[in-house]
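Below: one structure in structure tokens.
Letters A, B, C, D and E mark the chains as written, and numbering starts fresh at 1 in each.
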Amino acid sequence: ACGGNEKGNASPSASASPSASASSGASAGEGGDTVKVGILHSLSGTMAISEVTVKNSELMAIDEINAKGGVLGKKIEPVIEDGASDWPTFAEKARKLLSEDKVATVFGGWTSASRKAMLPVFEELKGLLWYPVQYEGLESSPYIFYAGATTNQQIVPSIDYLLEQGKKKMFLLGSDYVFPRTANKIIKAQLAAKGGEAVAEEYTPLGYTDYSTIIAKIKSAKPDVVYNTLNGDSNVAFFKQLKDAGIAAKDLTTVSVSIAEEEVKGIGADILAGHLVAWNYYQTTDTPENKTFVENFKKKYGADSVTSDPMEAGYTAVHLWAAAVEKAGSFDVEKVKEAAKGIEWNAPEGKVTIDGDNQHIYKTVRIGEIQSDGMIKELWNSGSPVKPDPYLKTYDWAKGLSGGS
Amino acid sequence: MEMWLTQLFNGLSVSSILLLIALGLSITFGLMKIINMAHGEFIMIGSYAAYVTQNVFKSALPKSAFDAYFPVAIVVSFAVAFAIGYLLEATLIRFLYGRPLDSLLATWGVGLVLQQVARSIFGAPNVAVTSPSWLDGGMRIMDGVVFPYKRLFIIGLVLVCLLAMYLYIYRSGPGRRMRAVMQNREMAACLGISTRRVDGMTFAIGSGIAGIAGCALSLIGAIGPTIGTNYIVDAFMVVVLGGVGKLVGTVAGALGIGMFNTLFEWWSTASLGKVFVFVLIVAFLQWRTMGLFAVKTRSLD
Amino acid sequence: MLSVERLEAGYGESVILRDVSIRVEPGQVVCLMGRNGVGKSTLVKSIMGLLKTKRGSVSFKGDDLARRAPGQRARRGIGYVPQGREIFAQLTVRENLRIGLEASRDRKRRQAKEIPAEALAKFPALKEMYERRGGDLSGGQQQQLAFARALAAEPELLLLDEPTEGIQPSIVQDIEDVIRSIRDEGRTSILLVEQSLEFVRSVGDRFYIMEKGAIVWEGVREELDDPMVMRYLTV
Amino acid sequence: MTKPSILSCEKVTVAFDGFKAVQGMDLALQPGELRFLIGPNGAGKTTMLDVVCGKVKPVSGKVTFHAKSGSIDITKRKEHKIAELGIGRKFQTPSIFAGLTVEENLEIAMSQNRGVWAALRTTAMKKAERERIDAELSLIGLGDQRALRAGRLSHGQKQWLEIGMMLLQEPEILLLDEPVAGMTDKETEKTGELLQEIVRKRTVVVVEHDMAFVRNFASKVTVMHEGKLLKEGTMDEVQRDDRVAEVYLGRRRDVDAVG
Amino acid sequence: MMLQALTAPRTRKLWLLLGYAAAAAALFSAPLYLSDFRLNLLAKFLAFAIVALGLDLIWGYTGILSLGHGVFFGLGAYAMGMHLKLAAAGGRLPDFMDWSGVTKLPWFWAPFESFGVAVLLGILIPAALALFLGFFTFRNRIRGVYFTILTQALVIITVTLFIGQQAYTGGTNGLTGFTKLFGQGLKTDGMKTGLYLATVIVLIGAFVLCRYLVKSRFGKVLRAIRDGENRVRFLGFDPAMYQMAAFAISAALAGIAGMLFVLHVGIISPSMMAIVPSIEMILWVAIGGRGALVGAVIGAVALNYAKSSLSESYPEIWTFFLGGLFIVATVFLPGGIVGLAKQIGPLFRRKEAVHDQALNPVLRESNRSV
């Protein structure tokens, strides 16, 4: 069915709009032997540096599924749209995918702002969005599946790890936007409760390129760790300049949560070697599934290409959706949602499970160290997949975080 | 003490980078009055030229020769940006003289196209340039005060570019012709100057210098299809604040913004520092309505 | 020397000049007169190549100039003092003059570091203003500068568009003298657009009067009598 | 100095980056006077007019406008206030609004309430205004060009348009910087007649180099040289002055022979 | 002869009127023939057209290039967004405040509880900011690029502050998750059609207002200021007052557009006030044809339509085409889409662009002012 989009059927749009499919009675996205799904990432603008690779891994997952005969016997036909690093455009394209192309589901988004822009559209048109990136939590839309980590699957355990290592004084450095600010708020509460200390908190505008003053501040604050939530180009500038200032990984530990293999490639492994990152997946993650994933990816996109956490999450999301559809025996959004609860899948990162309560995913947490070949070596992992807790309800120290209600 | 010294140096260093990104614009915009929104993309071209040069050295030459790539890259960056600038002038910009606002529209389009070209050739993600080893590390001034060689190198590079530009624009025949054409194209033509050639050269030089900036910036920043957007606003601020059409103004603008930015950022935060600097710019313009070094004219408007 | 044949020219869509033919012989001072807006400046601009000719031809020393840009025409020996002076305001007086040298056919002169003295002989006042910016000069000073700038390249044909406008009487006399001395030297021909009858009568050899974009009268000095003036030049 | 002057400049000095364009210049105008201001190129005539209309602020000196309501120090006023007081100015190079039609140029120049509110409420011209503009258009000979964008006028036509604008502005003091430059002799004559017409109702200062014109219409002439007052008097007195002849008029010519 | 002179302009007027009527009819009946999605898009574009009208007033007619209209647009949008957010919260704290540790509704949020006040503030705040900025800059005679750069500084200041004050503004995520307007669901068919029609009406209103303004003497003075600000001064006008008025009206229109935008798109975030959107607004007017109000409207709708459909057809390389469109448009359509109607052989004419004052004086003059 049309995902409850009554207007789509009731209005005379089918006759007027050239793109409306003729078979107005058909299920969402279904047309004969194929089913359409939307891929909605920034292919242009400043976010394209990150999002294009996620689009690639999602397309690869679709190819894999199609090679095995598709879902419910139908081939998946991706409809690619460009969010253009512009949030209203994400909303526009999401609406287009759902109401014009009548896709069965959408994989897309990277920044939280783009997700927030799309959310009302998905809720209104009762469509499904699979979001592949780690984010700041505090959200749980019934029409979104969160395939990336929430805070307790990345930030919180990484802080615990650092505290265990005896690193108590932290310098919080982030780009000025919601994810870093929220993450740091959580970190400060966590540190306060567990005997750590945030010695400074600095935000730089997105796209900021000169870190000499920040580095001077770091030098004078003498922290044990720089907890880095910078995003995109700023990371390149920060780490290049940190190295030039004579600060190497051995002098100062940094932990980054937005630098994955792809970013390492763009900054230069020589610069990043020895610095730490926190994710749920690395190209080196040792699972049989990952082996094939990496192999296939290199086969498809070149031997030089690397895989990373968001790419893996996007890839996994496609497979999880396909699994849910198979289980539901239908493309109907409500049925797929229902079927998705508790679905398990052996992803490249290991076993993942969809949490039926909040539509997030159980994920294993991994701390890694960047190697001089650009790969990331796992130093620690959580042992088993961590249950997602986007509102940090299970953490006592997080009680005071929200305003009360 | 060491903090002051470090910050003073940082201020100078930020200023030198601002100046580097603004120098080319001070020609294409300051002199030619082309609101060159593609300026950032010429910087990007320079960065990618450095990247390609590096790759060529890596793959075609022995390891020992690698460190020599950077001087070569500077020349290549200039040459590539120069050539593309020349081409752009010949095919598009020349229709836009005396129409600065149209030039904004068209160069915006050029910027979009160049970004897409870069994305198609080099892929969407950032690429990495390994800096030559002789630029690694820094000069120790005293305990806790290190002046990174890269920063020193950029300061030096800016000074060289500045001097060359000064000599070219104000002390050479071609520079004089260039200024004459930029002020009154028709009359310059009537006096026997080949305006087409001067226009082409001028725009190409401005673009070439943006290319050098891109090459230098590859040492300390990202290289990707959209890096131009990180620099474009700052570049315009610098040129305008100093007074459009004045090289010395551009220098002053860069120093002013760079120093204050560093100072404010030290006192407050990067974001607030930026706000302060821009508030200061707004306030400053109330006082000096045509920038620091206004071009004074007797004309009515 | 210069021969304009059946020229048709104008701005964009609007045609201003229709079927205009004039000739300037070597060494002659030819004057072009007419009320405001009849197209005198338009004709001069067309000769200089600033406006596209729609029909007809302009030839100089026997060559057709049709396809030549203004710069090429200048380098062939046409000098131009436009109405409104068109000084390079941000360039110093010296630089303005050196730009004037660009059109010299003599390579040495073109690259000279200093302005040849004889180029300045006629306007000694300029020397004192060498380092001031052209735009700061008073109107009359600018007019002198524009004149000197055009002379710097030693043109064979000089196009003067109302060169005495805004000039103090003594300098008008000087300009008159300059024009006369140029004529006497015989190396440079002049096409002079001028409103002052008295002035043109004292320097001109041949006269053209324009009306509504067409030449309506031509003749020599003696023929330019009061009835002619009444007919074409009064309002 | 029988009648009280309407405008008086005392010891006005103007400097540009140290260069003194005007130095200690005095100038007093009687109401209804047609004053000619002459002098060599660069003497500071235009600058003097600039001071009076507020375009340039003098470094020292006083410029007083004696209105009916009292004396006003001009140097402390903004340009548009000075214009509102009744000082109009025609510039040396014609400056009209190139993007507006000839008619619109005149409409804007016309004396009127110049506040934003008044302008917002005015959509069409009143009948009286129409008539004034029509009359003006035929006076300046631009009737046929009324709907043309002023940028397309020839140099001389622009001059006329600007004169027309000044007349419609109805200032008490009219400052004309080389109004007949580029005009034919006959047009010059016509302008002169027009001036004599105007001067019945207001005070006019004309800067000119056309001696025939000055001679025909001037009663009193002020000569400036190097920023200072060189001579003031009737045209005859001025002509006879050796210094004026030397720096300005030229040696040979007998000015009487002109025209 | 006489008769002809009378009827010629009249018939032209009649045709024009007919054209406007047809356009209005087409707009009003759009809900009948456009799909939900396309109607929503059109509504957004029409909101953009309102900004474009205001920009044309200040840029096309007054010659002042503002690259800061994103701020005015954004302020209007935030005003409406705040109202919708409060409506959605239903008496509780907006969700993002809750998470940011704010316990009480900030005082400056309180007035936005009322729709009327929110709308009023959505118009007044941008206008007041424009007046404030204009008061200093225009009186100090900051002109041309200097003014333009100043507006860019305004953008950066505003955006940085909005991002930094996450607890009060929602930070980079901005405000989303709106549900209700007037107690009715925002997503109902009736509401959507109603909002669309309201946008059409507001656009027509804005158009009529701007038309009145440019035809009045006020408009003539604005154009005179564009041609020669100082000359206007010597005629006794105070250009600063006119510029301030035009700037404020223009800002108010942007604010109105922002409010409508939020209603259609359901999100406002600082990135929509930033430099790029602000420049894009200018591009709409430039493409449409500055100095002509219809041009502004056509430009905003046409360009955004092109952007949408190009990116739908060629999601991976559409910026090629969009960039190419800008380039081609400036070279071959110097008068914008509207100018196209006025010139027939543009290809041949561009060659003499430098001398060609007759082609489009408005264009050249407004060009000169930067």
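Observations on the model:
Assume a contact is a pair of C-beta atoms (placed from the backbone, for glycine too) under 8 Å apart; a residue touches a chain by one contact, two chains touch by 3 or more.
Remember, predicted model here, so these are calculated numbers, not experimental data.
The minimum number of touch steps linking subunit A to subunit B comes to 1.
In terms of C-beta pairs in contact, A-E outnumbers the other of A-E and C-D. Seen from the C-alpha centroid of subunit E, the farthest chain centroid is that of C. Separating the centre of subunit A from that of subunit D, both taken as means of CA atoms, is a distance of 73 Å.
If you average the Cα atoms of subunit C and of subunit D, the two centres end up 29 Å apart. With centres defined as mean CA coordinates, subunit E is found 32 Å away from subunit B.
Distance between subunit B and subunit C, defined via averaged C-alpha coordinates, is recorded as 42 Å. Along subunit E, residues 160, 163-164, 228, 230-231, 319, 355, 357-358, 364, 366 each make contact with two or more other chains.
Counting partners per residue, subunit B has 115-116, 186, 229, 271, 274, 300 as the residues that reach two or more other chains. Across the assembly, subunit A contributes residues 43-44, 176, 203, 205 that each touch 2 or more other chains.
Those residues of subunit E that touch subunit D in the complex are listed here as 212-213, 215-218, 220-221, 223-224, 226-228, 230-239, 241-242, 245, 357-358, 361-362, 364-366.
The part of subunit D that touches subunit C in the complex is made up of residues 16, 39-43, 46, 92-93, 141, 152-157, 159-160, 178, 181-187, 190, 209-212, 247-253, 258. Touching subunit B in their complex are the following residues of subunit C: 48-50, 69-71, 74-75, 80, 82, 86, 88-91, 95, 98-100, 102-104, 111, 135-136, 149-150, 153.
On subunit D, the positions that touch subunit E within their shared complex are 53, 55, 78-80, 83-84, 88-89, 91, 95-100, 104-105, 107-109, 114-116, 118-123, 149, 151-152, 165, 169. The residues of subunit B lying in touch with subunit C in their complex are 173, 176-177, 179-180, 183-184, 186-196, 245, 295, 297-299.
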